[in-house]
Structures are given as structure tokens and as C-alpha cells.
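Supplied in C-alpha cells, the structure appears directly below.
Letters A, B, C and D mark the chains as written, and numbering starts fresh at 1 in each.
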Amino acid sequence: MPFLNVKLGPLELNTPLLTASGTFGFGEEYASLMQLEGLGGLVTKTLTLLPRAGNPPPRLVETPAGLLNAIGLQNPGLEHFLAAELPRLRQWNLPLIVSIAGDTPEEYVQMAEALCREKGIAALELNLSCPNVKKGGVLFSADAALLETLVSRVRLAWEGPLIAKLSPNVTSIVEAARAAAAGGAEIISAINTLRGMVIDVAARRPLLGNLSGGLSGPAIRPVAIKMVYDIYAATGLPVIGMGGIMHTADALQFILAGAAAVAVGTANFVEPHTIPQIAAGLHQYLEEAGLDNLQELVGAAHL
Amino acid sequence: MPFLNVKLGPLELNTPLLTASGTFGFGEEYASLMQLEGLGGLVTKTLTLLPRAGNPPPRLVETPAGLLNAIGLQNPGLEHFLAAELPRLRQWNLPLIVSIAGDTPEEYVQMAEALCREKGIAALELNLSCPNVKKGGVLFSADAALLETLVSRVRLAWEGPLIAKLSPNVTSIVEAARAAAAGGAEIISAINTLRGMVIDVAARRPLLGNLSGGLSGPAIRPVAIKMVYDIYAATGLPVIGMGGIMHTADALQFILAGAAAVAVGTANFVEPHTIPQIAAGLHQYLEEAGLDNLQELVGAAHL
Amino acid sequence: MKQCQARVLDLVEVKGGFFSLTLYEPYLAATARPGQFIHLRVGSGVAPLLRRPFSVAGADPAKGTLHLLFRCVGEGTKLLSRSREGELLDCLGPLGNCFISSGAEPAVLLAGGGGIAPLIFLAESLRAAGRELYLFYGAAKSADLLPLEQFLSPGPVVKYATEDGSAGEAGLLTAVFQRALAAGLFPGELFACGPRPFLAALAQQNQRRGYPLQVSLEERMACAVGACQGCAVLIRRNGREDYLRVCREGPVFQSTEVVW
Amino acid sequence: MKQCQARVLDLVEVKGGFFSLTLYEPYLAATARPGQFIHLRVGSGVAPLLRRPFSVAGADPAKGTLHLLFRCVGEGTKLLSRSREGELLDCLGPLGNCFISSGAEPAVLLAGGGGIAPLIFLAESLRAAGRELYLFYGAAKSADLLPLEQFLSPGPVVKYATEDGSAGEAGLLTAVFQRALAAGLFPGELFACGPRPFLAALAQQNQRRGYPLQVSLEERMACAVGACQGCAVLIRRNGREDYLRVCREGPVFQSTEVVW
């Protein structure tokens, strides 16, 4: 039986298949549908310091082979998470990755400090697709200097593995990855959603309550693969690849492009068992290819 | 019968439906399948100063609701175009928009000068998705200063309507649009293809001969609509919108978002009559809505 | 809630564009309550990508069957309308909360257009409990109304309404209902489902009279199990407004707690 | 070349995963030449997005029918394999150039796997012209070979080959053909279609002997009419190498001009 365990810098996982932030809640909803132990790890919905109400509806619309969402980071806030969700999450025997975001670097740091005091968190993921309100709304992922400072400040507050999740809505995601690494992140998550919009032709206005949203699903897969490929080629950093993974072959595309692990988002809504199905598919692939472990395939498309 | 004619700054069109550069060749191939006079205008395949051989195959791969291509600007070069294609193109009674690209600003200027001496060209479109070889491969669309200088130099060489076609692979397409306008472009074309890649899992390497390519088709439509919406909101410039238009409702989404005209690319390969079909669909929509002309709908989703 | 493979027993076009679908899935048939829905996978490709939610319009635990009523409005429902007998449909369910009757008589059900499906299930279950029932059913025009006698056992008083007067009473369903109230109908409790403007108008009208009114809401859904927060509606509870999930805390809400 | 609506007359699964499709479209039937192909729209949605190219495997101008042979390999061919009798399929055609026979005898046709379709059409047309014919047909295993007697009129000498020896002669088709040459076969001209490595090996082998060899190439296509430059292959003509279009200048090329 070939091995699916992978090592992403300081983070070791039994299988490379994570849930993508925001698509699996805090695990509770899917717990009744599947064995969560089959997951390589659970990435939480992004938390903010204070609770967020989220965006006005509609928040979702299907697009060709994609999903456009504008949830608006609705979440119960850090305090509630620590009190009510974390204890429950700890009970599952599962690497837990907590995703956080803030409007200012200070908020990220404050959250990292609080989380650093807690047990049972395998890694911290910084959702860097938010605009910095203090710096006039510049995306954290879009300004290398800003990004590096932010990550290095969090680095001081958080001792465990640190993941920087980058936005694809930038000229160079490689530059963002380099800045995150310079700031002290050991792992890159790529990609978050592409900015998009749908117009309701009958109503003659943008369909989403928030006007625009983030595009995910198979539609964006080629864009995500290219970015993972580029980050791997330029930096060699361990990457968690995501964007439109539905089947084993899709996960393999990311792994061959350079992702040491992958995350499944939108596909969970379509088929809750996507992750266990891909785990089985990867096993089969490795066996048929006569390979002992998955690690050999990471980045193999670069040779 | 409502009117479909539109005005994009100095460019007037009888119908707002253009062919997207590179998807309709120089018109000859489709001339035997349809009445070219039904088009609002024909945008040529992008020309370069010298002929280009293009990229090694495979050059195409279908992706979920999209098409990834890496043609590599294969074209016969300006000289051949002027001698062999332009005279034929002039015979169709059709606004002709010539698309050009270069590795350096000088090449753009040289081509603009040569084309300025020719009759029967309704507008010049600058394909700005190419990297500037002299400036270390920076995308023209990605550097506002570079872009403004380039456009302003072409502006001196070309007297007719000038269109800047922008790449979506940038942090802010609005900034690029502003720079193009500052340089003297009156019209913005958006968007060109998104960078993407597909890995051939069996071969364990990138599928395209060129490794990566440009993603088009319905998959990218929400991204394109958002960019058109943003450019319109921020600059009010006339925009030619494109990206995944297959049906009348898609064209209307772009128009409501702010596009004064639209271009059809990938859909031509699926249904050569897409443009005449959408023209009929727009007529019907205007009639049913009791509107006299399309212009009233341009940007209506912003109200 | 489970992931099930439901077998298509019967699929008929009741009327232009309206389909009745009978599925065999004993677990769903035994557990589904009026107001709940299932989340169906249509096709196996990437377009349509997401599952589609459908209210349960009836369930027969003895036979192990589940009944859906749907209207063909897009790619997903078109594909569904082409399912073949014997085919297995992947579904999640039963999902959401359900209508809860207080027992006050008579129960008055108000269905606007496509909102009829869950109210048929509710009507059948209240009728089986021996309750006195009125069902008001309205649509824009006669072609949009389903022949209810095909799905309802005799008993409830059914009133049809169309905006253009092509069937039943002419006028908006809310107006027709108002007239019935004016003519002496005294509802014990109200249950409504339909387009949001209709529900909002009903809630507004009802404010003065204050009959207990439960409404079933719709929102676009992705996961339908509560994980994505995509199906939010603004609800006022305990003095504060929050976005709750139609798929978990709903689809049925008290009309007074919805921020219309 | 035209855009046509071809009616499905007959669709049968010849063998696991291989389908024979007969279409009614008089214009295509009258104008298609061996080597040409049509570009079919499969489904009406966005996935599959592009049309799919298929070689013409036969045409009967008198009956107005066109014959295709295809193998189910992905979403597009799966959808096509579910077409119903009487359905209209939107297609562009006939597209590309065609095989041109010099008349030198015997004509030897070499088909690797899926490359059989256009060679069946060519064989029928050469046979009708009274030509002496050999057809070599190879695949990995017996399950991948079509029973040619169903599609070919009697006449040509047919030699089957499989790599695993499960049918016909054992070995690569190129090796089997080499043996036939060694045993005294003297081809007048060669026509080949199949996977590129097979064609390349054949061209390489043939270099020494120099029989005239026409090969039909495949490339992924978008427009199939010459507009997108997507289906490029590198061809050496008049001393220079250029990317030509499989859909326009091809699919048939002289083996000596292909830059393998």
C-alpha cells in the first residue's frame, strides 16, 4: 500500500487532502455525512477578531463550471470560536488548521497571539485576500512590502507552522509568495477565489447583494494550476494547491505542478465524499504507477 | 425596429458585435459559412511587424467551460497583411479593426505608422498582453507608466480611433485603463485571456507545447464582467467587453455592466452564427423592453 | 440527514413544463416532514455544477416513496426532466426544518406559484390528522397552475386565483385571500410558500390581524447542509438581526421574525 | 463546406465502446471525400464546450447518408453515443483535404487503432474504382479492433495485428507490415492513419524504401475551419518549416514533409 503522507516544511499530514477554508464550516455539518477522520486536515472558515454578519443576500450564483460567492466572511468571531468550536474540533483526531483574517495587521497579530495559547492547532493560515482598511483598501496579497511586514509580525506571535493564503487577483503571485516567505511563512496556499460578477439581466443590476464576489470551482482550475506551477518553480516553497479540484486527476494536476498538498472547496458542495474518493483514487494511481509514495510526484511536471 | 448602433468615442458601429482578435482569422475562413456583413466589425488576428511561426503543438486544450490556447501570435507579419489581406478585407463593407502587438514600443509605433498610411481601417487595437522584451519581460498591461508611454507614442503615429486591449492578469485593470486613456486611447477592450495551465497527468508534464496558455470562454465570463464594470465605474471610458459571450443574455450582461460594444471569441468556434444570432436577440430584447436603442442600456447596472 | 441514491419510479409532465417525480428511497420517505427539502445532483458533469434543492411534495413511508413537483426553468431542471425510470439520483436529505402546526383550526395554506410543492405535503399530513383545511393557490395565469386534484386527497377547500383571471378568482392571491377574510374566514394558523414579494405582502397584510403565519423561504444554495453560509436571510430573533441559513434554521420561519 | 443539421438514422455499439453512427445529410454525403472530416456539436451546453472532429468513414450520395465510427473516450463522445434516432446534429463539413491516389497498384492502407475510420472510406472508394488493395489494421489488443467485415465490401486483403497477439498477427503494426514487405509485398502507394508515434515509425521505416506515403494527422481543434491556428503541425515545404493547419492544409500530408 503506497503512502499518501506528505511533509510541508514543518507540517506533516497523513494524506495531502484538506478542506478549503469556508467550504466546510467548522466541520460539524459534514460530520453527520462522512467520517471526518478520512480528511488530511480541516481548514476552518476564516475567523475575524470580532463576529461578522456577512453580506446581504443573494450570496451565491452558479456560473459556467463555477460558483460565485460573496459570503462576506460571516463568522462568529475569535472568542466564540475558542469557547465553542475549538473544544469540539479538538475531539476529532484531525490536523486542524485555523484560518484568520483582519482589516489591519494588528488584528491578525492579536488573533495569532490568542491562538498560540491554545492546544490542538496544527497550523495557522493567513487569509490574505482581504483589503487592508488602514492602507486605503490595498489587498494584502497585492503589496509585497505590506505583505512581508504583516507576515513577519504574525510570525513573532505564532510559533507553529504558518501558511500564507494568497489572492490570485494580482499581477504576480510569485512576488506575493516570496514576500510571504521572507516574512516567515513556511507554506503557501494558492489560490483564493478570482474576483467576478454576474449581472441579473432581468433586474438590470448585479445579482449578488454585495455586487461582486469570488469565483471558485472547475472554471478557475487552469488559472490555479498555472499559479501553483509558477510559485513552485520560482520559490520551491511547499504549496497547498486548490481551485476546482473535483476528481483524482485534478488533484494530480496540482501535485505534478508542485503542490505538496491540495484543498477541496466547491466540490464538497457537489459531492461531500470528494476527499475520501480522491484519497482512494490517489492510492490506486500510485499502485498502478508502481510508486511507493506521493512525495515523488510533487512538482514532477517541472522535469 | 430598435437601433443597435453604438458610438464608442470616435468609433461608430451599426451593431455592437465584433469578432474578438485571433478567433476569426482575417475573416476569410468564416466568409463561406456566413454573411460577414452581419458583423458589427471585424477585429483581425493580432499582427506583428515580422511574421511569427507561433508555438509548438499542442496549442489548444478544452477546460471546464473554457478553452486554453497558446497559439503564440502566429501571423504572416505586417508586410504580408498589407499586401495580401488588407485589399481583400476592404472589399467587405465592414468596419475593420486591426490588432497589433510588438516586443518593444518601437515595433508598435512602426506598425501604427505603416497602417496609418492605409485606407479602410476603422480603428487600431493595441494588444497589450505581450511582455516588453526590452523591459525584462514586464507585461505592457501591468506597468502603468510603461503603458502610458507606449500608447502616447502610438497616438502620435496613428490618427484614427485607438483601442487599448488590456490583459486581465494584473492587480488593477482600472489603473491600466487609466494609463491607456492618459496615453491617448479612446476605447478600452477588456479582457484578453487569463493565464492558465493544464497538466497532462498521463505524461506528467504541461499539456501545451508552450507549457501555459490563455484561458477564454464562458468559464472566465464573471471575471470579465467584473473588470468591465470596474473600468466603466472608474473611468467612464467606452469599453469593448468580451470573455465568454455565447448568447444574447451574456452580451447584455456586458452591456449593462458598461460595455458599449462587445466581442465574441471562443463562441465562434462553437457556433459560427453566434454574432448574427445575438444581433437578433438584442433586437428582440429591446422590442420587448420597449426601448428604442441599445445605448440606453450601456452601464445601466450601475444605477 | 443522509446521502442517498433514490430510484426514479415515475416521471410525468403534469402540464407544460411542470413535472411530477416519484422516487423510491425508504429512508427519505420515512423521515421527511412537510417543509423539508432534498438536494439533488443533476447530471454528472461540471455544468450544472451544483446540486439543486427541491421541496418534498409528498412521502409514503409504507411504500418507501417520495414525491417531488418541479418546474423546468433552466439547465438543471431540464436535465432532471429527462431522467429515466430506474435511474438513481444522488441526493442529500431530508434537509431543513419543517412547518409546525399548533392545531388551531382551520389551517389555511397559501401557495404562490412554485410554492405549492411543500404545501401539498403539509395539506396531506394535516388532512390525515383530521384537520380542517383551506388551500389558496395562485399564479400569474392558468397555465402556471397545477391541477391539485391529482395530488391532494379530497377534503381541503381549494381556492384558485390567477392574476389575469384565466382560472379561479381574478387578482393577486393576497387580494383573493383578503376577500375571503372579509367574507368571514377565521384562520387558526397560516402557512405560506411562494415568491418572496408575495410572502412579504402577506406578512405585511397579516401584521394587523396577527394570525400565526409560517413562511417557507427560498435562497440560492450551494451546500444545503449549513456549511457555506450561502443561503442567508436576515432574521430578527431575541432583539437582534442575524443572517440565518435557509437550509438549516429554515426554510420555515415565523413571518414576524423575517426582516422583509 | 457548410453548416448542416444531420439527422441521426442509426447508432449502434459495434463493440464495447465503439459506435457506428449513420447520419442523413445529402450535401455532406455528396461532397465528402476520403480523408475529410466533420466538426460535430455535441450537447448544447458549455461543457463540453467545443465541437468534436470525426473522420468520415463512409458516404452514400445516393441515399444521402454519411457514416462515422467513433470510440467513447470522454464526455463528448459519451454524449454523442447517447444521441437518439431522429435527432439533429449540428455539424460543419466536409472539412480538410483528402487522400489522393496516384493509381499505382496495389494501394496499401495502414490503420493504427482509431485511425481506421477514414481508411474504411478510402478503401471503399478505391475498391469501387477497381483497385487492388491491402489493409493492415492493428491495435493493442483484440478488444480494440473493429470487425471490418461489417463496414467493408469484400475485396481488399485485410491483415489484423495486435500487440499482445490476442487477434491476428502478434506485434506492432509496423513490424507486421515490415514482415509483409520482406515476404514480397510491393506497394504502389501507402496511406496511413493512426497515433502519431505509429505514423512517425512508419515514416521512418519507409524512408529507405521510399514508397509514396500519405499520412492523416490529428491535432486538438477549436474552429476546424482554419481561423484559430490551433491545430498546427510543423511541415517542411519548399525548403522551409512552417506550422500548417491540420484542419485546412491537412489532415492528409506527405509523410516526407512532416517534421516528425
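Before moving on, here are some points about what is shown:
The rule we apply is simple: a residue touches a chain if its C-beta (ideal position, glycine included) is under 8 Å from a C-beta of that chain, and two chains touch if they have at least 3 such contacts.
The structure displayed is predicted, hence computed values, not measured ones.
Shared contact partners of chain A and chain D, listed by label: B, C. If you average the Cα atoms of chain A and of chain C, the two centres end up 36 Å apart. Averaged Cα coordinates give chain C a centre that lies 55 Å from the centre of chain D.
Chain centres here are Cα averages; for chain A and chain B they lie 34 Å apart.
In chain A, the residues touching two or more other chains are 64-66, 217-219. In chain D, the residues that reach two or more other chains under the touch definition are 46-47.
If the chains shown are joined wherever they touch, the resulting network links each chain directly to all the rest. Interface residues of chain C facing chain B in the complex, by the touch rule stated above, are 46-47.
By the touch rule above, chain A contacts chain C in their complex via residues 22-25, 28-30, 32-33, 45, 53-62, 64-67, 69, 71, 74, 217-219, 246, 266, 268-273. Chain contact summary for the complex, chain A toward chain D: residues 64-65.
Taken together, the chain D residues at the contact with chain B in this complex read 1-3, 41, 46-51, 90, 92, 219-234, 241-243, 248. On the side of chain A, the complex with chain B involves touching residues 63-66, 68, 139, 142, 169-171, 194-199, 201, 204-206, 212, 215, 217-223, 225-226, 229, 244, 249, 252-253, 256-257, 297, 300-301, 303.
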